[in-house]
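We just call them A, B and C in the order they show up, numbering each chain from 1.
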Amino acid sequence: MRYFLLSFKAIFMKDIVTEFRSRQVLPTMIVLGMLIIWVFRIASEVASAEVSAIGPIALWVAFLFAGLLAQERSFATEEHQDCIHGLMLAPIDEGTIYLAKLLVNIIMLSIFEMIIVPAAIVAFELTLSRSILTLVGVLMLGNVGLSSVGTLFSAIVQLTRTKGSLLSVMVLAILMPMMIPATFALLAVFGDIPAELIGTGALSVVGSFKSAIMFMVVFDAVFVVACWLLFGFAIKE
Amino acid sequence: MSKEKLTSDREQFVVDVKGVSKAFTARRVLDRIDIEVGRGECVFICGINGAGKSTLLYTIAGLLGADSGSVKLCGYSVAHDPEKAKAHLGVISHKSMVYPDLTVIENLSFFTTLYGVKNAKARIDELLSDVKLTRYKYDKAGILSRGLLQRLAIARALVHKPSVLLADEPFTGLDKKSCDDLRNTLSDFVEQGGTVMMTTHDTRMGLACASRVIILDGSKLILDRPTEEIDADSFDADYISYGRGVV
Amino acid sequence: MRTILFFLAIGLVVASMCIGLTAGSVQGPKAHPDSPVRNIVYAHVPSSICALLCFCVLLVAAIGYLKTSKESWDRLAIAAAEVGTVFAIVMNATGCIFSHAEWNTWWTPSPRLISAAMLLFLYIVYLILRSSLSGAKQRIARNSSVFAIIAFLNVPMVIISARFMPDIHKASFEFGSNWQRVAFFLGMISTCFLAGLLMWFRTDILSTRARLEREFVN
């Protein structure tokens, strides 16, 4: 266990240091996020919907795409000098590599959100209808879910010619169901769900804020455990 | 298997490859290969491109799973007891397996943690002076030249004092001086009781380092001789027909 | 023996489809004089079920491959994914036609329609992944199995939403007559047979190809 923690920390610190030194991804993520927020803000002028309802949706789109940038980098850096072989040759469990990388991706997304969420709140004139802790909780649940599959698939797409674009398709296809409760929860955090959205539409799957959180917790748990278990198969030569 | 038997095996052969076969799709790359390598041997594996040299090394390292047969390192099965087997193994290839954004010392300390090396600081200093990198301690690995990077790769592979060192084309892209340095490092390692298995296209260099030569041809092992019994000139000219002629 | 079995299976599928569709179309318009388009259920429901079943086969094949690394499991996975894609396309297409006639919209974001679309997307992404992975065959098979298993984790969600959620899409279908019942179940059985048959052909072709490759290379 102590050994697990040590190697976990080593891989985690290595990735964080590498990222902050090379500053490859975080700036790109932030610019991409800003652009997405901006585009949605302009589009919301045209749409008849309430501006405050578009905000949370724009946020999830920004998280998804910015998260993909972070996830793709996860294993792209390892591929460069065959470093992934270096990791696999070390006497550690493959799951450790996955968990460390997952934490790195979650942290990257969290840093990104610290900048993007206030920007969106300003741009869309959002007001919190629940406590700020609830907001953080919803965002963290989202981060875990977004990063879980992306981190696993990042290792898989390194073998393909199309890499990043394929990763985005894979992650979006898998995360589609999870995005429904996630959107619902964020809408609920920034004001009440418009009544016409509840009923027979997509959001009726969720029902209430509480069940939205439940859905997200279940998704997170299932995806993280499954990805952790399957990770060994994905990186083996 | 009793405990005594296990220890005696471990002392006898450091690398024990038994009946290993490997196929990619339909093409057979390794066909029932048997190799036993003892402590302090340096084995030179040669063969033309596609003969299966790298595949053999990767299979021994456990990066590739064998279709049949077994590989044991210091008595531990690579397939069933990978963590123990890996602890006795170091690998160098023509790619350095170090992170360009970390400094030399950070790279090494990262790997000491992964291997659970005790007294890491002293070990790193020792390694750095062994491969003459002390001067470049705080340089990022990304700015090192090819020769220096390869020295760092060796230090990385030896960080946990392995008993077996696998080297896949370690001389690629090195100049004469760096080649000699690498050769000295390898022979130092062997003198201290380490076992080396390496592949290279530079047959003269290979013969000079090795105590034993193995030729792979058409997925089969066709020759396995000590270096003294090899006629260096004719071997250098055409080792495949040399190997076929001897057998 | 193989040939006999082969033609028997084809005959069975064709016959039951003919009977089923005739029964449906003879009785259907009378049962629903206002909307003949409702007869589409005889194709829509069986193909949805087959699309789901193919995903289950894909899951079993993926797990089987990861456990045993036998290539035959991988061939079954390819067959299941390809056949499943076909049925998922039929399911979505017939669904759209029905939706347009009944609800006056081609697509609406109701839980069941979302999950149907999701199923199709997952199949397509699986096939894209397969075709763009390069390298050793074992590795392609292993990685696509990993994706298939993760993708399958979404399927319980599809079923839950199809069963329990309030939806514009009906969960069950009332039969107007016994003829309709017969037609419906014949359609169901024959479509499942068809799916099995297609999967069988595909695995057969793939294993023949693998054998030829093996003989050709060595």
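Annotations
Note that in this section a contact is a pair of C-beta atoms (placed from the backbone, for glycine too) under 8 Å apart; a residue touches a chain by one contact, two chains touch by 3 or more.
Here the structure is a predicted model, which is why all the values come from computation and not from measurement.
Central chain assignment: A. Criterion: smallest distance from chain C-alpha mean to the mean of all protein C-alpha atoms. Most remote chain with respect to subunit C, judged by CA-atom centres, is B.
Subunit C has its Cα centroid 50 Å from the Cα centroid of subunit B. In this assembly, the C-alpha centroid of subunit A lies 31 Å from the C-alpha centroid of subunit C.
In terms of their C-alpha centroids, the spacing between subunit A and subunit B amounts to 40 Å. For subunit B, residues that reach two or more other chains under the stated contact definition are 65. Within subunit A, the positions touching two or more other chains are listed as 236-237.
In subunit C, the positions touching at least two other chains are 136. Looking at the complex, you find that subunit A touches subunit C at residues 149, 152-153, 156, 159-162, 166, 169-170, 173-174, 176-177, 180, 199-202, 204-205, 222-223, 226-227, 230, 233-234, 236-237.
Taken in their complex, subunit A has these residues touching subunit B: 3, 6-7, 9-11, 14, 17-18, 21-22, 77, 80-83, 85-93, 236-237. Listing the residues of subunit B that touch subunit A in their complex gives 58, 61-65, 82-84, 86-87, 89, 91, 93, 95-102, 106, 110-111, 113-116, 156. Those residues of subunit C that touch subunit B in the complex are listed here as 69, 136-138, 210, 213-214, 216-218. Across the complex, subunit C is touched by residues 24-28, 65 of subunit B.
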